[in-house]
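So, here's a batch of structures to check.
Each of the two complexes below includes chain A, the first together with chain B, the second together with chain C.
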Partner chain A sequence: MSDSTHHSQFAENSQSCAPAVSVSNLHMSYGSFEVLKGIDAEAAEGSVTSIIGASGSGKSTFLRCMNLLEQPKEGRLEIAGETVEFAYSDKGRPVPVCKQVTRNLRTRVSMVFQQFNLWPHFTVLGNVTEVPIHIQGVSRKEAIERAEYYLEKVGMSDKRDQYPAYLSGGQQQRVAIARALATEPDVMLFDEPTSALDPELVGEVLNVIRSLAEDGRTMLLVTHEMRFAREVSNQILFLHQGQIEESGTPEDVFENPSSERCQQFLSSIIH
Partner chain B sequence: MDFSWIHDPFYQSYFWQGFVNTLMLVAISGFFGFILAVLNALAQVKGPRPLAWLAKGYTTVIRGTPLLVQLFFFYDGIGRLLPMIDGIRQSIIWPLLTNAFFFGCLTFTVSVGAYAGEVIRGAMASVPKRELETAKAFGMSSWKILWRIWLPRAIQICLPTLTGEIILLLKSVPLVSTIAVVDLLRAANIVRSETFLVYEPLLLVAGIYVALTVVLTWVMHTIEKNFPGAKPQKSALFSRL
Partner chain C sequence: MGQRTSAAPKKGKKTLHGYQSEGLADWAGPLLQGTLTTLEIALAAYAIGILLGLMGALAKLGKVRVLAVIASAYSTIVRAVPELLLIIILFYAGTQALTALMNALGTDGRTEVSGFVAAIAVLAFVQGAYMTEVFRGAILAIPKGQLEAADAYGMTAFMKFRRITVPAMLPNALSGMSNLWLILIKDTALVSVVGFEELFFTAQQAAASTNKYFTFYAIAGVTYLMLTMASNAVFSKAEKLARHGQARS
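Right, the complex of A and B next:
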């Protein structure tokens, strides 16, 4: 199969590099409800990691911990050159992560959301230049050049002066990907980027993500598109009730999963 | 119907003065009231506790009392108490403090600050959280989120309601005729008392108000249509009058 030669080549690439993301013993709770129960994972630089699992298993929460939108209560996160240790103070409150670290981390890890979340009062170009100009301190001229480059990449150059309300879901998501790319991140996070799209629009977004995978971008991707995950990923993590039940290459996980829950999940998805 | 008085330059000048004063009152208190409204909303949404309570209290009191009472309170109450302050008669702002028009502007500004402030506060609450969270995810500081995303989005959302507020403001203007500001109603009353005509001067006032409302609605509608990111919409001018 041509697919499998495709990703084995990626796997070779990534093995030679240091991990871009490394998570150990990550615990996260909403109140007293523990959502993540000690996650250990690594992602090599330039690799694509897909996170799969049933609804409520903690996939989004895991991803949101990667840019500190949620604060874990325990564990260690190394990402984009920053190392963060999470801990609780004596009073049982989480010790807040230093503002500067949070900021650095967030400007180098960018996220693409299920609902696109473009800012409706900015044009396409405004959305893509917002973070470089107003957060990263890039000059307007350079930011526009960057924006034009990445809009071209996602095939949205011709809509640069349009407002998001005038775009289809697929187009909005492609702009959202350009917005994330324009920050020139070390790691990109995708939380079900195609789940809010009409079926006929899914393909155009997947094609963009596939091309990013081919460029060797480090990506963590939560998705229900199993065929796609299998095709582009170097690594699959199967999450079940806040723990990694199964992990490995797409072949390992999809063809001979050792965990029974993973087998059940895969068969329920496929049928 | 007898409109012959319209040709009298004496009455014309009263109506003209009333017309200008009306526009100035709306423009001045609309402008400063909007700034006050934004500050009010910010204080309630993001301010430290005591400031938030203060803003909430101000909004509740102003929205809970009649505008005419507020007008008398500022003009008769504060306007009469101020001269007791030592040296205030010599200060450069004294002419302002004896001016009924100033107290009209002050009262209306305070009123717009409360009503529009409540509208903006509500709109801020209705901006989808995920738009703000996205900005946060990209490392935007909370003040920047406020100025670049939250507030502009809130104004975009509540602009049609603010249009309604400003039209209500326009139609509150005749209240100032009670504190001796020459507005359109006062001009009409002068004509009425001298010519003993009951309806005609009032008809003119009504006609001018309708025209002003149409123009103001059109202006606001144009602003709404051209506000960044406005959704495509059909012309709704007449449906909203």
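Right, the complex of A and C next:
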């Protein structure tokens, strides 16, 4: 009782603290291999959450569940105003989520991929206007204005008529970020956005992501860039074998990790 | 059998000298007509073959097992049997089946199949099987992430196919498609065996009725060569267009 009172007071005090993403008891398996074993997490509106962990810990899978690229077997996901419950059918198979719900959700949760995944047959401008024009029904004129605004933001305006194949990895990733921004999403997902980049190109991408964090965008970020995660995040989730082993503010997780696994992971990664 | 009436020039039969007076000039018109017919059949069969191929490739790559099995059987069987045999089988069997069907529906007598339609149908059916494999490979060669990005941004299956899959696979598919077109132009000569008057059939007639075998077969050969050379020019232009997004290596 006291708990709920506290919670409602909290909500009244600060509207922006209502969770933009809320996940409870999320389970996901590939065949019989259970990748996520009951994840509970929340991300406040306008906050940056970094998900860290060793490879195979399920962090990318967790992120991909957020826009239903992977479908969880069990649990509940609230994101961008959509609520999705995952359940088994009588035959023991997960009930597929309604396609319309999936598409609605995906138009408001945009993703930046490790391999950029720009569409090679469109120019930079074409990549950024594609979703607004053809999926969101924005007029061509407005979509181009949006695209120009966000390309400016990521510093790629001068390449607007270039094809992706002619750009460096860092430039492609910045265009991919502009593509994600141009859909004006409620939540942005970043799946190891700098892991495929040459070391000297990492900085330009991180700078763009940092400026988005400063704008107060709700972002979930899977990353191996620990220093960066610590610097921009409001919340860190450390995943180990499909479970959240440690979570809290960057100070909590990086300076006083309570779990032994997390201590080991951090000491192996931070030199 | 739906053959057209003979394209042989009537003029030759009317002259006193009979066939002796027939020459190149008399056959120029029919040969040109035959060439046009060849192109018409090839273009129509190619267009239908592309549609069949896209459907076949999607069926083979899709999740519906029944469709995948049907598409697999189609591309395997058609590619395994010699085209000449297929054309003969499909033409005669097709005519018989259609007759039986029409009789069952209460129509009497033999159903005539237009040679033009039959030629297109048979060649398109064969093309579709090869196209299925060309498109299947080309779609598989698209980096998975590009298709996943389309999903991640909420595209419907049809929009993903139209806006992403087709344009992204086209550069991979075009060399195979141009090969199939060249083969198709030459395969049109095979429909002459069922009595259809295209370029080859007309050249045969001309050669036989004038005794100038070398001349007319050479003309036919050169005409095929010109058709394929013109096609190559068109395809290399198309390939350049489709590859506009690819960095020059």
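Note that in this section the second predicted complex is superposed on the first by the 254 of 271 C-alpha atoms of A that agree within 3 Å, B and C clash if a C-alpha of one lies under 4 Å from a C-alpha of the other, contacts with A are read in each partner's own complex, and residues count from 1 in each chain.
The rule is short, and it goes like this: contacts are C-beta pairs under 8 Å (C-beta built on N, C-alpha and C of every residue); 3 or more make two chains touch, one makes a residue touch a chain.
Not measured: the values here are computed from a predicted model.
On the shared subunit chain A, the superposed partners chain B and chain C overlap sterically.
By the touch criterion stated above, A:Gln171 is placed in contact with neither chain B nor chain C.
By the document's definition of touching, both partners, chain B and chain C, reach A:Leu69. Once the two complexes are overlaid on the shared chain, A:Thr183 sits against chain B and chain C alike.
Legend: residue contacts after superposition of the two complexes on their common chain; A:Arg103 is shown touching both chain B and chain C. Of the two partner chains, neither chain B nor chain C is touched by A:Ser57. Residues 67, 69, 102-107, 110-111, 113, 115, 117, 119-123, 130-131, 134-135, 163-166, 183 of chain A are contacted both by chain B in one complex and by chain C in the other. Note for the complex: chain C touches chain A at residues 143, 145-146, 148-156, 159, 163-164, 167-168, 170, 242, 244-247. Chain contact summary for the complex, chain A toward chain B: residues 67, 69, 102-107, 110-111, 113, 115, 117, 119-123, 130-131, 134-135, 163-166, 183. In the complex of the two chains, the chain B residues touching chain A come out as 130-131, 133-141, 144, 148-149, 152-153, 156, 227-232.
For chain A in complex with chain C, the touching residues are 67, 69, 99, 102-107, 110-111, 113, 115-123, 130-131, 134-135, 163-166, 183.
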